[in-house]
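Some structures are shown below for you to check.
Note that subunit A is present in both complexes that follow, paired respectively with subunit B and with subunit C.
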Partner chain A sequence: MKNQIRQIFHSPKFKVGFVIFAALLLLTFFYPLIVTDDPLEMVGQGNFFKPGTYISVTEAVNTDPYTLNMNTSSGRMEKNLSMEERMAMADWLGQFAGLSPKEMDVTDADGLVSLWKEHYDSSSEQKGLIAARKKYFSRLDKKITGLLEDRDILLAEKNKETGELSVKETIPSTSYVNVSDVGSRRVFILGTDNFGRDVLTELVAAIKTSLKIGFIAGLIATTIGLSLGLIAGYLGGFIDDLILFITNLFTVIPSFILLILISYSIGKNARGVMMVAIIIGLTSWTWTTRSVRSQVISLRNRDHVNLSKLSGHSLFRIILTDILPYIASYVVMALILQISSGILAEAQLSMIGLGPATTTVSTLGLMMNWAMSYSAHLNGDWWAYFPVIISIALISFSLNLMNTGLDQIFNPQLRE
Partner chain B sequence: MNEEKKSKQNIACLSGTGVTKIFGMGKEKTVAVDHVDFQFREGEIVSIVGESGSGKTTLTKMLLGLISVTEGEICFQGKPRDIKGYWKKKEYWKGIQAIFQDPFSSFNVFYKIDQVLLDCIKMRGGTRLSYEKKVELMTEACSFVNLKFEELTNKYPFELSGGQMQRLMIARIFLLKPAILLADEPTSMIDACSRATILDMLLKLRDETNMTIIFITHDIGLAFYISDSIYIMEHGKFVESGPAESVILNPQAVYTKRLINDVPKIHEEWDLSTV
Partner chain C sequence: MGYKKYYTNKIIWYLLTLVIAVVLNFILPRLMPGDPVSAIAARAVNGMTDSTAIQAVYEDYAEKFGINLPMSTQFAIFIKNAVRGDFGVSFSQYPRTVSNIIASSVWWTVCLQLPAILLGWILGNVLGAVSAYKKGIFDKGVLPVFLFMSNVPAFGMATVLLYVFSLKLGMAPSSGGYGFDLIPTASITFFRSVLAHYQLPFWSVVLITIGGQAIGMRSMSIYELNADYVKYSRFMGIKDRKIVGYVFRNAMLPQITGLAMSIGTMIGGALVAEIIFSYPGLGTTLLAAVKGRDYPLISACTLIITIMVLLANLIVELIYGVIDPRIKAAQQD
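This part shows the complex of A and B:
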């Protein structure tokens, strides 16, 4: 036993899979200890805030400023001149100032603006341009002139009696605040989702729930599959035929369709996380039954089983001590695959809206469903669904890798 | 002829009439054992000889009650055998036991050797014996087959050699002391030196407990060496049977003659024409 465990940890595939899986598992344990916020607290008002650090504007204004001799206009230019405007500027410069396209670079807003300031003249003739276009360019010029000015922002206070505004403070463009001076801030490493919830915290909670669903579904499926397989394989005869018939019946009906029908028919109110896990478990036991049965059939005529019979052991004891230990490694491998497919089944079910009908708990599938129904994938809000996909992939990858590693140890024929 | 013998010797402890085993149905029907009659008397060593696939092992399993009999009747100690249900089977197996061909697959590799012997003591009703008494019994059984219990205890079956395992199987029989022992080619997986010791032990066991030994083998020379009577089996049927001397020295059936011819001889050229 000890030797076998040592052998398992010598398999590089198993090790990699185990490390990934353990890392995810530890993340779900330790992350909630560090970040104690409610994972489903709706922090943001609005959909899909970008990942980043959010600081309070009023507090930033009230924080003691530092004066830095840095040109803030270039940042402004980059931010405020759209690509379309830059293209228009480049066009104008090429047409009326006789500049070659090589001299201009639309990605460099500063350089373009300085060329513009040098050559643009609203009073020039601008042959071939309609009046509206001419006006457009003069408006653009004004905008650029405005942007180039270092304007201070005035903070005004309203007089309660007269309603008059009086200047309270002027904020020059050279004043900066240190982010760590601002007390109210929140880091959204993966932004927020459609309900304004912190995606990272929610994701960790979702991984935990999904793993739980996978474990429960896997355990149920393996328990049913194992016991039916053992009984059918060992007893044979009519009971075998009966169990095989039922198994075939369930195999012929695609279990996913069965899954959809069951979770539809039990209704929205009953469809909690636990219920979904049980449904998945109840529909995915068939192949465990079939493979356990065939393993048991090959075992039941072995001499050690016959000897055990001759020693007067009961049926239950023979199954438990002479059959089960011989297929234990196989059952563990089946369990790992069942867990992995349970997690995937939950994700699939939730994607089509038949997963746990709840907003009080998050699962990987539900997160995908929410992101999809709020068109995150169309708007480029990648942080709402991409980390979820990665997590699902990592979980099932690590479990399958562990399974392959185990397979190589317990089925030596496959070893290179 | 059978009637004559019956009157001379004591009553058969295991006999069968028209025992048949058919596997499969319809076109895939295989008749493994085809209406065989036999009478094994108490204290006798009987050999059933035949080539591979002649139905020897199937017959053994039927005699042991591990598989059902398709047709025919088996009588155990003069009465028709009744092994319906777990308790009756358990009772039956107190009287009939077996040693299998492959010692390596006869043990459950997940349990220590002690467990096998303890199970035998339990079957003989020794559950309440003190642990010291149990150890004493196990030590006695092991020394009967020239094994040291102290060296074997707490070991797993795969830590033993094939010969040791097979001797342990005989120790098991020594503890159980059944009336009938079915030995299904117990020496075929073992080297020639261990083979002789195993056979000697079986004979010693017979001398001590007056056990009936049914020896299943494909080696007709070996059968002649140890048995009182021999049954020759071909394609599920007994083609010849009788006392060892008369069958071997004066064979009637063609198949028996062929089997005898096929025994390799050291001083003569081996006749391969009959193969």
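This part shows the complex of A and C:
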């Protein structure tokens, strides 16, 4: 046993898979210790805030400003001129100012703007442009002029008695705030989701729940598969035929369909995380049964089993001591695969709206479902769903790597 | 004459499976507490206060769906209607019939998934065989990439492709089965639009299928390449090309069985991928049915998907019988 474990950890594939999986497990354990916020707390008002650091505006205004001699307009240009507008500007300059495309670089907003200021004239004829397009360009020009101006911003205060506004402070464009001076801030490493919840915190909680679902489903499926396989393989005869028939049946009838039917039938109220895990377990035991059965059949007539039989050992004892140890590696491998397919099944089930009907926990599938329901995938809010997909892929990849590693150890023919 | 017996056995077995699948489809929702009909009736009477009116609604629903009849009669009616292709009227898309909805979506799914799974399977087997035989970059570079991809769920791959090719590069339309401004006609514009909308869902299924098939084919090929008959053939001086032909033919056989067994899982995953693209197939229909609590539509969807999977399995097994001569020999004994 000890030797085998040592051997397992020599397999590079198993090691890589194990490290990834352990890292994810540790993350779900340690992250909540560091970030103690409720993972489902709706922090943001509005949906899908971009990842980044959010600092309080009023506090930023009230902290001591630092004056930096930096040209702020170029930064503003880069941020505020969209690619489309830059293209339009380049078009205009090429058409009416006679500039060659080589002189213009749409990625350099500053250079483009200075060219624009030099050549653009709203009163020029602009042959071939419809009136709406002409207006578009004059609006664009106004926008650029506005962006170029370094106007101070006035902060006003309302007089409580008269209601008059009085200037409290002027903020010049050269004043800066050190982010660490601002006390009220929140970092959303992965932004917020459609409910305004912190995606990273929610994701860690979701990974935990999904792993739990995978474990429970896998354990149930493996237990059923193992018992059926042992009984069928060892006893043989009619029972074997019966179990094999049922197993073959449920191998062909897609388990996804059974999942949908059962999940829909039990209704929304009964469909908690636990229940979903149990249903997934109940519909995915066929692979284990098949492989255990074929293993047991090849073991059944070995000498040591026959010896045990002759010595009058009980059926239970024979199975436990003479058969189980030989198929243990297969069972562990099957369990690993069941866990990963259980997590995937939950995600798929949630995607069609039949996942856990709960608002108190998040699962990977539910996060995905909400992101899709709010069209995050069509609006480019990648932070709401990419991390979920990557988590599912990493869990499944790490488990499959571990499985392949084990396979190579126990099936020496596959070794390189 | 050995094939006849093999084929009859297979067909009988699949018919039996179909019967049991239909029974499950019928009985599972009825076994559960809180039958769907009373749930629907409860929605209909929501807000009513007159108790006799509520009772009348319940009774009307019970009669319409026949839940006051004995189970066996209900089953007979269900079968009779199902054979005629009558699955009742949809709740969420009233007054369309369920069979009408299914008929308009089933071909989208078949035409999307069948070619996608087949192509993924073929490419996967080629990659597996090449990486077992040639090793090098294929074994250490290409195969691991596809292996990682095969762990991405189908809907995940769908969103990734959508983000990259539709939102960022603008190379493909983001949703639907054809342009929203078109009506299905036999024109070239419509066909072009369908083809453009087809690409992303198609490739998202193909890409995730390759890895899983390749790793299986690789193991089988390595196993076969080390077999005694290969060494013997080499000593005999048979050309390498010919031996490789034998090897891969043998290695293919378990792959075909593997395809038959995994078709159900693959279709399940690909159905969810359809949802991402709002592709007008069964997956999207199923989602709409679940959201609209449209029980007749869900039941018909699951039944039609089961039948599709069973048919696909049966066809694979029948083809298997032709390819593997041992089956014929075994039946002749």
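By definition in this document, the second predicted complex is superposed on the first by the 368 of 416 C-alpha atoms of A that agree within 3 Å, B and C clash if a C-alpha of one lies under 4 Å from a C-alpha of the other, contacts with A are read in each partner's own complex, and residues count from 1 in each chain.
One rule holds in what follows: a residue touches a chain if its C-beta (ideal position, glycine included) is under 8 Å from a C-beta of that chain, and two chains touch if they have at least 3 such contacts.
Computed from a predicted model, the values in this text were never measured in an experiment.
Of the two partner chains, subunit B is the only one that A:321 touches; subunit C does not reach it. In the superposed model, A:396 makes contact with subunit C only, not with subunit B. When the two complexes are overlaid on their common chain A, residue A:134 makes contact with neither subunit B nor subunit C.
Of the two partner chains placed by the overlay, neither subunit B nor subunit C lies in contact with A:185. Of the two partner chains, subunit C is the only one that A:254 touches; subunit B does not reach it.
Looking at the superposed arrangement, the partner reaching more residues of subunit A, out of subunit B and subunit C, is C. In the superposition on chain A, A:303 makes contact with subunit B only, not with subunit C. In the superposed pair of complexes, A:311 makes contact with subunit B only, with no contact to subunit C. Contact with subunit C, but none with subunit B, is seen for A:378 once the two complexes are overlaid on the shared chain.
Of all residues in subunit A, only 248-249, 251-258, 260-262, 264-267, 270, 340, 344, 347-348, 351-354, 368, 372, 377-378, 380, 382, 385-386, 389, 392-393, 396-397, 400, 404, 413-414 touch subunit C in the complex they form. Contacts from subunit B toward subunit A in the complex involve residues 61, 64, 66, 86, 89-90, 93-94, 97-98, 100-102, 105-111, 116, 119-120, 122-123. Chain contact summary for the complex, subunit C toward subunit A: residues 13-14, 17, 20-21, 24-25, 28-29, 31-34, 36, 39, 147-148, 151-153, 155-156, 159-160, 162-163, 167, 174-175, 215, 219, 222-223, 226, 261, 264-265, 267-269, 271-272, 275-276, 283, 286-287, 290-291, 295, 298, 302, 305-306, 309-310, 313. Of all the residues in subunit A, the ones that touch subunit B in their complex are 302-304, 306-315, 321-322, 325-326.
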